[in-house]
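Two complexes follow with chain A in common, the first pairing it with chain B and the second with chain C.
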Partner chain A sequence: MLMKRVLTLAFVTFWSIFVMMPILWALVTSLKPPEAVDFGATFIPFVDFTPTLLGWESIFGVGGGSVNLVPALFNSIIVTFGGAAISLVLGTVSAYGLSRFAYKLGFIRNADIVFFFISQRIMPPIVLSFPFFLMLRNLGLLDTHLGLILVSIGGLMPIVVWLMVDFFNGIPRELDEMAMLEGYSPFETFVKVILPLSAPGLTVAGMFAVIFGWNDFFYPLVLTFGQVVTLPLAIVALNATITPYWTLSAAAIFAILPLVAFAFAMERFLSRGSLSGAVR
Partner chain B sequence: MALVGHDLSVAVDDVTYLSNVSFTFEPGRIYVLMGRTGAGKTSFMRAVSGLLPLDSGSLSFNGEDITHAPVWKRDCAMVYQQFINYPNKTVRQNVEFPLRKAGLSGTELSNRVDSYLAKVGMTEFASRIPSQLSGGQQQRVALARSLARHSRILMLDEPLMNLDFKLREQLREEFLELFQGENESVTIYATTEITEAMMLGYEILVMHEGQILQSGKPEHVFERPKNKLVAQIVNDPPISIISAQITGSKIVLASGVTLPVPTHFRSLAEGTYEFGIRAIDVEPATDSASTESGEVGFVEVSGSETVLYLHTKAGEIVLQIEGIHDYHAGQKLSVALRPERMFVFDDSGQLLGSPKLEVS
Partner chain C sequence: MTKLYGRLFLLPGLFTLIAIIIFPLVFTIALSFSNWSVANSGFDWVGGRNWSAMAENDRFWASMTRLLPFAFLTVVIQYVLGFAIAMFAWKGVAAGRFFRVLWLIPMMTTPVVMSVVWKSIFNETVGPVNFFLTAAGVSPIAWLSSSTPAMFAIIVAEVWQWTPFMFLLLLAGLLSLPKEPFLAASIDGAGPIRTFFAVTLPMMAPVSIGAIIIRLIEASKIFDTIYAMTSGGPGSSTETPSYYIYIVGLRNFDLANGATLSLTYLITFIVLLTVIAQILTRLSKPKGV
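Up next, the complex of A and B:
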């Protein structure tokens, strides 16, 4: 028993270090002065080297540099949260329909529709990139926020639908029936009874949508040319020129900070709202 | 002023849920759907509430056709077998929720909620959420929520099913008080238990495989079951059905035991019939005349009664004895059947005569 506990703890510790290492490395490197990077292995701030904010200053264009990630940050926020929010709304409504009503269209049933949504993610983005490019060009939406948001919905909505169908299936149907018997129309039932119970599911779906949207690199690469540069594009662009490690590291940490903040903000909704007591 | 159903039928994927069900229900009265599990009681309620779409037939309330009215416009309240409440709302909010939709607010709303919480004895738990309540308390909340609405149709689908014995007895008695008096709803109550049906029902409807086999006053159905199946459904412990012959003035059982033909069977022609006898009308024999003997197969002690399942040459005979007795499986036992308490069915199972109905 004790042995098992020790082994579990040891493994968890090892794995945590393994996973956190690159992030720690980036964080430490972002604080290093050039000498500390160039000469020998140094790791511990204040002991091995004197930390400096040079790297961080350089990604905001402080000190005359040409690099400034702030516009890219705003582009990323607009595209990611815009796409995730729309996906969450559309996906949740679709998922509720797929969970509660039986659709028939020829040989197509609910399970086929869910698979259709998921299949959007099975396809490699490169397959879709050319059609999307043509579509956006014809609509005049290339290199615009709206264009990128529309394309991102195609990728994010399946995640939401997939997660929420499962979540709604876990909410007893009798609750919907009861609300309808009590005079609430199906839409009112959805809004007043089911949604308030769905906070944990919506949080997970929303977090996934934001994470996937935030890290998307390929579509922005293909569908924008410089007006709407998102963070992943901006960081890769840094790599294309000769950019010092400390700047790159600061940029990398900077890019994940909003996600980390978002995750912490959402965490409290995950445990809240239990279904127990609905149906015994 | 009535809820009228005419020829309601529902079948989904070749499974029949309801088949040509017709009824007329008056407000202020309790109609009990009686039948085994799967008899169509729940389907009946779902069809009336609109949750189960009808294949054919029509429904009307006070002459207004509601066959195609959506669920949320039918004004039906339902208490489910499982205790269903909104898990994220407090007891008070649960009861308020349907009332708000009905347009109540302010003191009218709070008075109504208070009075029904008091009626079901949940006043002190008003601010709890359902998961903090016991099963019986959860069902009380569901009950208060449904009763407080004063809906025109109130349906209870085996509401006591998942409760323990004592609580069931207690709530059953409270039901009578709750339903009587100001209740102006058409009340439909589903149950598998005859005691409940007899106690609550203004009228009972015996259901089997989606059909109504017989309907009428509880005593009438109990004393004059239309056929063998109805007799089996409304009797608990089960009624014993044994095949026997009428020869001269004797009833001859398969084992050769003979019983005198009782007065209510005297017009019965000679031949083979099926006889039914209730468990309560069979007793351990005190003398050797007119007794059937067999081996005890199964002993069931419930409350203050002992129920024995006896294997005899004439067939299985069930008897119920007052008090708790020490019988065990395999034991030999002779029992006396009271012919004057017997039912008789023809070969198609239709009732020919019963203690309250002389064979014509």
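Up next, the complex of A and C:
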């Protein structure tokens, strides 16, 4: 029994260390002076080396060979929240329709339409990248925020529909019927009765849309050329040139910090059952 | 009237998705029968030329065969580890908000940015992995410049990045299991191991299949980690289809051949996933039912 407990604790500890290790490594490296990097690995600040803010200053345009990541931060915010907001609106409205109305077109029924939405997650971005490139070029949207936002909707809306259909199915239909008896139109019912009850579902769906939008690298890589540099692109560009590790690490932490903080703020919505229906 | 309202709800989203995905897909198909490239832009019909070139493209097929064991290996490791930590977070020592949040962190981080960090961790001269190997008396390994270690490093990064997603789906599944079967098992005197294999695992089969399929889909699209960690190298030994097609279509701007390869990849991928989903569903059905 004791043996089992020791093994369990060892595994839990090992896994927790493994999870934190790369982030801690980047954090520690971002505080290193050059001499603590160039002559082999060092680990503990104040013991192995004297921490400096050299790396952190250099990502805000201070000092020689520095960059400024603030514009990239704003590009990421605009593209992510633009794409997530449009996906959330369109996806939620469609999901409500799919949950409350019966559609029929030949042999196609609601379940098939839901599957159609979800199955778009299967599409590898590379397959769509060629037409996206040519089409955005013809529309003059290559290397613009709007172009990236439009493209991101294709990846984000399926997630929203997937989560929201399930969420709406969990809200009793009697509520809709009562609202209709009160003389509400279907649209008023949706806006005034159902949406106010949907905050938990919308939070989870919005959170996933933001996570996947923020972390996307492929479309910005292919569809922008220096005007709309998002954070992931900026970090990879640093990686491709001879950037010292303290700058690179500070930049990496800077790029992941907003979302990790956001996730902590949203944690309680992620718990119990928020996804249980989605996997069925 | 109801019908009209129903359509008003569904159609804006549906049309947007069709415009963003299905229309471009048709465009890609048309592209694969053209010779659109840097030198020649426009739809010039060339018939099946790109398709026969695809069949003879050894580098492409090498990337396809490389993807299979790679995707399976990463997803199996993620499933086993994800299930283990989900069990601990469900009823074990780690049940509580602290571990749940801690173990989800990798999922929130940007894969390509973390790949850059992993690259520094596996750095041959100043990275911590080789530091510890040297300290333990093992000779340092050229992690990213020899093919097998490079593959290993990529798998470690992928497992780190995506096990939390598996964990989240499996934990949600465990939390929604009914209590009665566990009660019945404990009345019958089944121990924890017996209970796990006779009750928990079979009841988790639908959730497990869903989670495995979702992860297989995402693992097969792998691009970011390869791009940042090895750029497909050394040589082309860690090249995946997504990465190779990117090189052909968007680096060398041979759009027609890139489109053909990407469609081959998509079709193979959908056929294999359907087969795998069928096999998993059959296997998980209780015997004699």
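We adopt the following convention: the second predicted complex is superposed on the first by the 246 of 280 C-alpha atoms of A that agree within 3 Å, B and C clash if a C-alpha of one lies under 4 Å from a C-alpha of the other, contacts with A are read in each partner's own complex, and residues count from 1 in each chain.
Everything below uses one rule, namely that a contact is a pair of C-beta atoms (placed from the backbone, for glycine too) under 8 Å apart; a residue touches a chain by one contact, two chains touch by 3 or more.
From a predicted model like this one, the values you see are computed outputs, not experimental measurements.
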item: Touched partner set for A:P158, first chain B, second chain C, both or neither; value: second
item: Partner chain in contact with A:F133 - chain B first, chain C second, else both or neither; value: second
item: Touched partner set for A:V12, first chain B, second chain C, both or neither; value: second
item: Touched partner set for A:S185, first chain B, second chain C, both or neither; value: both
item: Greater chain A contact set [chain C / chain B]; value: C
item: Contacts of A:I256 with chain B and chain C, given as first, second, both or neither; value: second
item: First, second, both or neither for A:Y103, with chain B first and chain C second; value: second
item: Common interface residues of chain A - those touching chain B in one complex and chain C in the other; value: 185-186, 273-276, 278-280
item: In the complex with chain A, residue positions of chain B that touch it; value: 49, 51, 70-78, 80, 82-88, 97-98, 101-102, 129-133, 135, 138, 145, 149, 162
item: Chain C to chain A touching residues, read off their complex; value: 2-3, 5-10, 12-14, 16-17, 20-21, 23-25, 27-28, 31, 81, 84-85, 88, 92-94, 97, 99-114, 116-121, 125-128, 130-131, 160, 164, 168-169, 172-173, 175-176, 206-207, 210-211, 214, 217, 220-221, 223-224, 227-228, 241-242, 245-246, 249-250, 255, 258-259, 262-263, 265-266, 269-270, 273
item: Complex interface listing, chain A residues touching chain B; value: 172, 174-175, 177-186, 193, 196-197, 273-280
item: Sites on chain A touched by chain C in the complex; value: 5, 8-9, 11-12, 15-16, 18-23, 25-26, 29, 37-41, 43, 90-91, 93-98, 100-103, 113, 116-117, 120-135, 150-151, 153-154, 157-158, 161, 185-187, 190, 211, 214-215, 217-218, 221-222, 231-232, 235-236, 238-239, 245, 248-249, 252, 255-256, 259-260, 262-264, 267, 270-276, 278-280
